[in-house]
Amino acid sequence: MSQSPQNLPETPESHLVLTLTCPDRPGIVHAVTGAVVEAGGNITELQQFSADSGQFFLRLQAKVNDPAVLRTRLAEISPRFDAGWNLDRVDRKVRTLILASKAGHCLNQLLFAQRDGTLPIEVPQVLANHPNLAELADFHQVPFEHLPVTPQTKSAFEDRVRQIVAEHDIELVVLARYMQILSPELCADLAGKAINIHHSFLPGFKGANPYRQAHERGVKLIGATAHFVTSELDEGPIIEQDVIRVDHSRTPSELVRIGQDAESRTLTEAVRLFAQHRVLLDGRRTVVFS
Amino acid sequence: MSQSPQNLPETPESHLVLTLTCPDRPGIVHAVTGAVVEAGGNITELQQFSADSGQFFLRLQAKVNDPAVLRTRLAEISPRFDAGWNLDRVDRKVRTLILASKAGHCLNQLLFAQRDGTLPIEVPQVLANHPNLAELADFHQVPFEHLPVTPQTKSAFEDRVRQIVAEHDIELVVLARYMQILSPELCADLAGKAINIHHSFLPGFKGANPYRQAHERGVKLIGATAHFVTSELDEGPIIEQDVIRVDHSRTPSELVRIGQDAESRTLTEAVRLFAQHRVLLDGRRTVVFS
Amino acid sequence: MSQSPQNLPETPESHLVLTLTCPDRPGIVHAVTGAVVEAGGNITELQQFSADSGQFFLRLQAKVNDPAVLRTRLAEISPRFDAGWNLDRVDRKVRTLILASKAGHCLNQLLFAQRDGTLPIEVPQVLANHPNLAELADFHQVPFEHLPVTPQTKSAFEDRVRQIVAEHDIELVVLARYMQILSPELCADLAGKAINIHHSFLPGFKGANPYRQAHERGVKLIGATAHFVTSELDEGPIIEQDVIRVDHSRTPSELVRIGQDAESRTLTEAVRLFAQHRVLLDGRRTVVFS
Amino acid sequence: MSQSPQNLPETPESHLVLTLTCPDRPGIVHAVTGAVVEAGGNITELQQFSADSGQFFLRLQAKVNDPAVLRTRLAEISPRFDAGWNLDRVDRKVRTLILASKAGHCLNQLLFAQRDGTLPIEVPQVLANHPNLAELADFHQVPFEHLPVTPQTKSAFEDRVRQIVAEHDIELVVLARYMQILSPELCADLAGKAINIHHSFLPGFKGANPYRQAHERGVKLIGATAHFVTSELDEGPIIEQDVIRVDHSRTPSELVRIGQDAESRTLTEAVRLFAQHRVLLDGRRTVVFS
């Protein structure tokens, strides 16, 4: 969420999406919808939510005759409400960097969906700490770069991430089963714009080989959680979750496969929600206007 | 959805829910939220939707200091937009008549949930064409009336429905596995305020004993659909649907039991959505602000 | 699982269910099915599973002309394979003691389903540490006993549990939101025949008020786990799990209601599986022949 | 299901899967498990089902020292029970021909899963009536052939299908959104070994553009059904079904995308079940030993 407007289209009758967040206070919806009226706009979708935290969240889509007027009015209104906002074209593709390691199931689903036109992202780069997904990226005509990660080279890898983010004006970093822990500094740099996926179980399991543990406990549901990256490992704000039913006869390796299905579905759905500006941050929680 | 406001509370700082629908036009959200501001209100929840049909739908909840002002302003605004609206207290219990036959699974779940305080309805009457659910109604301290239905007495039964609706100012009629077809006249009288439940299958089956047919086709999902009653049998606007997974080993009678689980869940959820004013009609469709 | 046969029917052409477990070894299925053939039986359902633990599990249903022959043959075979087994009539109702506290959602669903004939249990007694569910039990014509639990009276309550189990030959104890922790001794006494239900979240939460914590983390799925009672709190072998989707707008109290739906469904399903002899124990896991 | 054994391994200690079906009669499980014992085998998995139709179905996996003995014994037993049977190595990859048109979502998921080693099929050929999926097949190193279908060339296309089936000893033909109707003759030729996928709705819709119709009716669930191909269009025995929840705000084109997700998941799962010999035919139904 940026305070300053960006990606603003100047063409008449644009279909725009506005997200806005501010301390909850009477009059904010009225003021914003007034700005839309002045810009000759018609609201096609509007959702808002007042959180327990006292924070207010709004997402609206509008067909607008004069985007510049809307921008000007929002710039006038926002200081009054101490509001952060972002105005974008509906369906503009979000510039996305994908980080990967060896496993290709999430990368495949993301690249296939973007190529198919069903996931509004563009991917200027895949960066991986293993070489084996090069071919998959090539097939989807996405540049692939391999940079090994060792204790010695980890900071070089992370510098390269920062460089790509800067160079390509990256808006979203997706960890598509990238199996390295990001440094707290990089987590901070990417706060609110990096999404990770991990398996989830009922109950949760600590330590190595959770699928083995899940098998030993005989869990009946295998799940996945997509969340924003924070320096607290796997504790970032949750964006999307899903589960698949299993039974006692599944071997640990079958559980892994089923878990991978859950992971690629859940990550792709989380990326779709983000790319459509449907995910807003409320401290440790998300507000998802799905 | 009534053009005229009703159930309007006069106490200060009321928590209100407004639903409004009108032809889609710029300015409507701005006008309505302006009315809330003038009434000293703060919006706690707002959802809106512009349908393909050209119709606009809005539901908002607001904590309002002066409900009378809000009412006055809405009465002024609504003609301009040709809007129908309804203003109610959040959590007011909706007066509900339940029609039943012999099967008690839906009735039990509805009455248990309303008694438990988790379903905001009050039930001044259960009317059934069989006597056997009297005890269940008694237990929940809900008046029960038995009136048999034969070709000769069907119109007497329907007159009694109309009488109860009038007497108790009934807002919702729930057909909780009431196994008789309502006359087109009664369907018309109850348009938009009667909910029915029926089993659903993939694919659908015509004719008698659909569970037997579902068994013969070996379906893998058993479902239920809750919908508004219309004179087109089981073709009314859909409110809620759910399915449960089954396999080849289920006998037709087990499929019936599983289908009943799906029915009672789905009907209770549909009634909850209706009672919270979350279900708006858009021709043959519903807009459900869940 | 008892080594000695019980509940054995003597009538010809009985529909029987056999469960058997032993160390995995060639020939066991052949030997058991041979016994069925000798008893003039025809197998209608058979499932078996060889666990990683080296243990073998079998459940079969058969229509048998001479149950006594089957019993005799099984008694001969079982020592050879070091097998424990149980032979019962299909659909015999399992004698079940329900423990409850204040919340009635699980109790209501269990009693309604058994009364409806869709859950094969009979309930000679509900024992509760609060009085308020008496009316619900009365309605279902199930004897209700109230015995408060304090630190001083806890062992008296547990003695009463043991007494009821002995008196009524109880085969299953269901903790239907009974909010007290059983002593390790009672857990041991009821090993493999007591089922508990608890809420489950992705991720799990430690400490008080998990729904509040789930709300704070913004979880997207609310679940429930039914498991056997062990002295490790909420760590017993899992029988059944389910989840329901939620979003950011749900208040903690709505999450509680949704969690209760998940609990009553999941517990009822677990009790059904147990009562149909579909749940076998494999150390810390279950084998569920659903 | 072939009467004659095929694909029989001769190596000692093979892990085999046997499927067998015959009229239900006492003694069949005993006879088959006796054959396994004689072959020095240990059963690792066994499921059986007696259908209402009077037909008996069995699937077992066993680790067998002497596969030739097992084959001989089965050949002796089967005439007595009028049984058809098939013996195969567990995890042998099933030779699969994929038919496609323009849409790649199902093809991508199938090829990715087989390449990943999580779907036990090998694909000697993709045959399509449009050229645009050539690149996708190439990437997965699967031969791709384009053969247009017009009223004039339809029988040539079908002849080519038969030719590929014969040449590559094809065991399974998957219609991965192949949008042409097969002739009754080809349906008959491929009976029990061709799988199709189609969207499914509650309720079902006749005629063109079902997603538009589903949108107009405001359905809340979008599904997919994988079934065997028969000459009755979309009426073949059902193998697998799944649904995804939607709401009123989804446009018809979003419903299409969601439906595609359901289709590729459901088809891949159906192919997995088939390739593991878990799907047996019972007239118009399937028995699925999942």
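Order of writing sets the labels: A, B, C and D. Residues in every chain begin at 1.
As a convention for this text, a residue touches a chain if its C-beta (ideal position, glycine included) is under 8 Å from a C-beta of that chain, and two chains touch if they have at least 3 such contacts.
Values in this document were obtained by computation on a predicted structure and should not be read as measured data.
Chemist: Between chain A and chain D, which partner chains are common?
Modeler: B, C
Chemist: Contact counts by the stated rule: is the higher one at A-C or B-C?
Modeler: When B-C is set beside A-C, the one with more contacts is A-C.
Chemist: Please indicate which chain is farthest from chain A, where distance is taken between mean Cα coordinates of the chains.
Modeler: In terms of C-alpha centroids, the chain at the greatest distance from chain A is C.
Chemist: Once you find the CA centre of chain A and the CA centre of chain C, what distance in Å lies between them?
Modeler: 42
Chemist: Could you tell me the distance, in whole angstrom, between the mean C-alpha positions of chain B and chain C?
Modeler: 36
Chemist: Among all residues of chain C, which ones touch two or more of the remaining chains?
Modeler: Counting only residues that touch two or more other chains, chain C contributes 45, 49, 249.
Chemist: If you look only at chain C, which of its residues touch chain B in the complex?
Modeler: 45, 104-105, 108, 112, 116, 118, 135-136, 139, 249, 257, 260-261, 265
Chemist: Please output the residues of chain B touching chain A within their complex, sorted ascending.
Modeler: Within the complex, chain B touches chain A at residues 24-27, 29-30, 33-34, 36-37, 40-50, 245.
Chemist: Using the touch definition up top, name the residues of chain D that touch chain B in the complex.
Modeler: On the chain D side, the touching residues are 49, 51-52, 200-204, 215-221, 223, 225, 234-235, 237-238, 240-243, 247-249, 282, 284-288, 290.
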